[in-house]
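Letters A, B, C and D mark the chains in the order given here, with residues in each chain numbered from 1 onward.
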Amino acid sequence: MTNTEIKNKIEKILDGLVFSGEESDFLRIETNKDKIRDLMKKLKEDGELSFDYLFSLTGVDFGEELGVIYHLESVKTRKLIQITVKTKRENAEIDTIHDIFPAAYFNEIEAHEFFGIKFKNHPDLKHLFLPEDWDKGYPMRKDYTDINMLIR
Amino acid sequence: MVLNIFTDIHNLLLEYMSEEATHITELILIAAAYLGIFAILGLLLVWLERRVAGFFQLRLGPNRVGPFGLFQTIADALKLVSKELTGTVKADSQLYRIAPYFVITTALMSLALIPFSQEIQAFDINIGLFFLTSVSSIGVIGIFLAGWASNNKYSLIGGMRTGIQMISYELSVGMAIVTMVVLAGTLQISEIIELQKDGWFIFQGHIPAVIAFMIFMIAGTAESNRVPFDLVEAESELGAGFHTEYSGMNFAYYFLAEFVNMFIIASIAVVLFFGGWLSPFGITDAIPFAGLFWFTIKVIGVIFLFMWFRWTFPRFRIDQLLTLEWKYLLPINMVNIVLMALMVWLGLTL
Amino acid sequence: MEEFLTDQLKTQEYFLNMGPQHPATHGVLRLLLKLDGEIIRNVDMDLGFIHRSIEKMCERNTYKQIIHLTDRLDYLSSHMNNEAVCLLVEKALNIEVSDRIKVIRTMMDELTRISSHVLWWGVMGMDIGALTTFMYGFREREMINDIFEETCGARLTMNYNVIGGLRYDLHENFVKRVKEFIKHFKKKLPEYDKLLTNNVIFRKRIEGVGYISEKDAVAYGLNGPTARGSGVSCDIRKIHPYSAYDRVDFEEVIFTEGDSYARYKVRIQEMWQSLSILEQLVDKIPEGEYRVKTKAVIKLPEGDYLQRVEAARGDFGIFVKSTGQKFPYRVKFRSPGFANLTALNKMTQGLKIADLVAVLSTIDIVVPDIDR
Amino acid sequence: MSYFSDIINGTKTLITGMRITGKYFFVNLFTRKDVITQQYPDNIDTLKMFDRFRGEITLYHNENNEHKCDACTLCVSACPNGSLEVFGDKKPDPETGKNKRYLVKHIYHLEMCTMCGLCIEACPQDALEWGQDYHHVQYDRSKLTKVLNKPGSKLMSGIKG
């Protein structure tokens, strides 16, 4: 299955997605944050595509916006797609997908911890990597400054 | 002659004091001697274990302090003595402090019955084996107390595991001993050894004795809390198990007692199966104190077997431990007793 | 009677704090266990005791400088981690490396895999209680470490890959030493089976323990030998061959039982496979340059890049978002251990504490890899 | 019947395991042949590291106490951790009369170094090289900060400043 075929199939499932990178090694999809749960569910449950393996969940600070990049893979076809969701900087909030992909559970905690992206309906957005009493903001954001950081 | 050394001491003491005072002094002397034996035995066995472990594990083991690293354990003991005794705040402090003494006291009490040679046995009671098994089961209380009183969950789990383990494996040890008692017809240790002059019990009682020996070795390993039955400590699961919160000398008591217990189990095995201090074919029976040599050799042989187990096998899980005891060892043991009784009845023993 | 017991005997679930200083947690992992007696009801984890924020550090480092940081992630598969960065940049900039580089990288990968698995085997034995296996595992590991040290200059953080090739050419003793190792290891690997794999106590301890189904394995994002023990085919060396993996003949080891023993068997078999790859390549290292000249300042064109390699623990991925600068905008290390650890709770439901230790060691975690 | 065969087979596997460890035990007891550990402080004189061993960064000095560093600070910018500091100065060259850079101090913070080797690669003069010393233990952290250029050393002739 080529990237274009995947693109056509996904377009049939859900509209309003922005595609790019058909000629590169994986397809990139950008979507609205309201649709992410819907898209994920459909991608996973679709018989032909069956993107059932959450390869990674990456929080990104896009500058103006925050966002999450999901990499989904199909165990059957071994095709990889990249889904980008953006949210505004203040009160950043994205729907959780941990009930669709259990693998997302701890990754979402990580993204929340480092970027301050709140995952709606996630049961326990605790401090995982940082100390429990951490209150100095979100260290992976680009505007985060700390005197201990080695500035070059 | 050397044989008279005990009578010499006795007469010497009588010259200076009354008979009763002499008796008490002698008791104290013997107690002190046994305390010394306890300490030296413990340290030597720790050294042996570490050395043997080294060779098993492609290393050398302690070899820096003294010849062959013999003083390494003494250095360790000195270090432990000098260490601060710590404990948890919420520990049940009295029980916490008493607990190690249960273990060493029982180990010492059992040690009194061990026949190092024909001449050296402090307490030759006519219910010797019975006394040994009953005393050795008191030691568990020390471990149990340590687990409870430390107020540490790891200790508690360790302590609870001991309870389960001891209740089960006391049975097997006891029944393996009973099997041999059926053959011997006596509980007195010196008599049991005397009976083996014609041949060790492991040969006299052939198949049932061999089975009893194997069961005794397995259950004995469990009794002395060694791999594969070291669930009580289980360092990869419970940190250090029941003695997690013990430090310094309190810890050393447990540590030494563990090794002395191993020595006691090995001695019982030697007494029951390999003729105690008897030399093979009676070659050195005429020489006094030669028994000590043979006894040591045999005990070290059995202890080496324990060590071999320890450095080869993985650890059981708690339910598998119970399965092994109740589904395998105990039924086999019962059948074995009947077999042995039949053999003795029919006169099939050698 | 049953009712009486439940009424009168009040049992209580309690929490046990396992780690961060605990021998079975392989470093500084903290597990919060909810226990009912010895039976595990829930496992929660607390990470980050050696979190160094390598991802953030990468954002202020050039691509060349990132490489040595990846050594410090999964230190037991440092070569693969290095290679992932190099492959990513080489692919992005269309740098074609010579066959010699590819073959050497593959051989180093497999040596690293063996050394990692050998260490895992030793530690696994130790976790189960057989202390001697640790030293036997280290005997082989030392041999490999010597090979590494002679060629790369370090035993653990090898840092041998550079963008466009390798830091040094192979040492002249390399081939001889690898052949020696193959001969030695072929004799010792059956010993592993005799000592541990076939041991009845060991088998009873891990057979049927820590089961995870194929479906769950995919859902939880398991990868590497852990997933292959559940029957998921996920070997990146087969799916997206890199370096010289397309020209060697090896099998992807898959067992379908899904328990700890299956994961154990996968790793043992993988050692045999790695050995066979080494055998195929050791005599056929092509001549050629060991390093391609690259620009002094490497800038990736704007875009998203992803490179995956099969590290010893599984599917190591590196995702780079570049804005065309000499520093990456965002680097994400997709660590195999982290994904595998998320399934721990699922695997250990209703097992005993001793089983948790066994399952944890068959997952084969490396905490720096998880904490990043 | 599987009850008894289980016992027998189980015991067999245990004995096989004991044979393996026992073999090593007796070999080591009598010959020490399989002992793999090194007796570390004893063999400190004979212990030789491999040529490529990355112990520390050193500045190459030849027998005339000359080094090749012209204080271009490329190594400083290549270092990811800031473990190198180079202080240079300029003085007129006696031959050409032009101002020429020369090295005053090459400071190396060993405690921050990750042995990545990027400075060595970056150096256009090949002035830096690996040292094989591995014994870096110090009681004081400040002792790990080293000055690489030896006192009184000067630039090797033929190196452009």
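Assume a contact is a pair of C-beta atoms (placed from the backbone, for glycine too) under 8 Å apart; a residue touches a chain by one contact, two chains touch by 3 or more.
As the structure is a computational prediction, the values presented were derived from the model and not from experiment.
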- Reference chain A; chain at largest CA-centroid distance: B
- Task: Please state whether A-C or B-D has more C-beta contact pairs across its interface.
- Result: A-C
- Message: I'd like to verify one number: the distance from the centre of chain A to the centre of chain C, where each centre is the average of its C-alpha atoms, in whole angstrom.
- Response: 25
- Item | chain A and chain B, separation of their C-alpha mean positions in angstrom | 62
- Gap in Å, rounded to a whole number, between the CA centres of chain D and chain B: 51
- What whole-Å value do you get for the distance between chain A and chain D if each is reduced to the mean of its CA atoms? 42
- Message: By the touch rule stated above, which residues of chain B touch at least two different other chains?
- Response: 56, 58-59, 311-313
- In chain A, residues with contacts to at least two other chains: 150, 152
- Message: Using the touch definition from the top, which residues of chain C touch two or more other chains?
- Response: 132, 135, 139, 195-196, 199, 201
- Message: Which stretch or stretches of chain D touch chain C in the complex?
- Response: 9-10, 13-14, 16-17, 19-21, 36, 49-50, 52-54, 78, 80, 114-118, 121, 130
- Residue set of chain C touching chain B in the complex reads 14, 16, 22-24, 38, 125-132, 134-136, 139, 195-196, 199, 201-202, 204-205, 352-357
- Query: Where on chain D is chain B touching in the complex?
  - Reply: 7, 14, 17-18, 20-22, 24-25, 28-29, 32, 34-37, 39
- Query: For chain A, which residues are in contact with chain C within the complex?
  - Reply: 21, 24-26, 28, 52-56, 58, 60-61, 69, 71, 75, 78, 80, 82, 101-103, 105-107, 127-131, 139-140, 150-152
- Task: Please give the residue numbers of chain B that touch chain D in the complex, ascending.
- Result: 52, 54-56, 58-60, 308-309, 311-313, 328
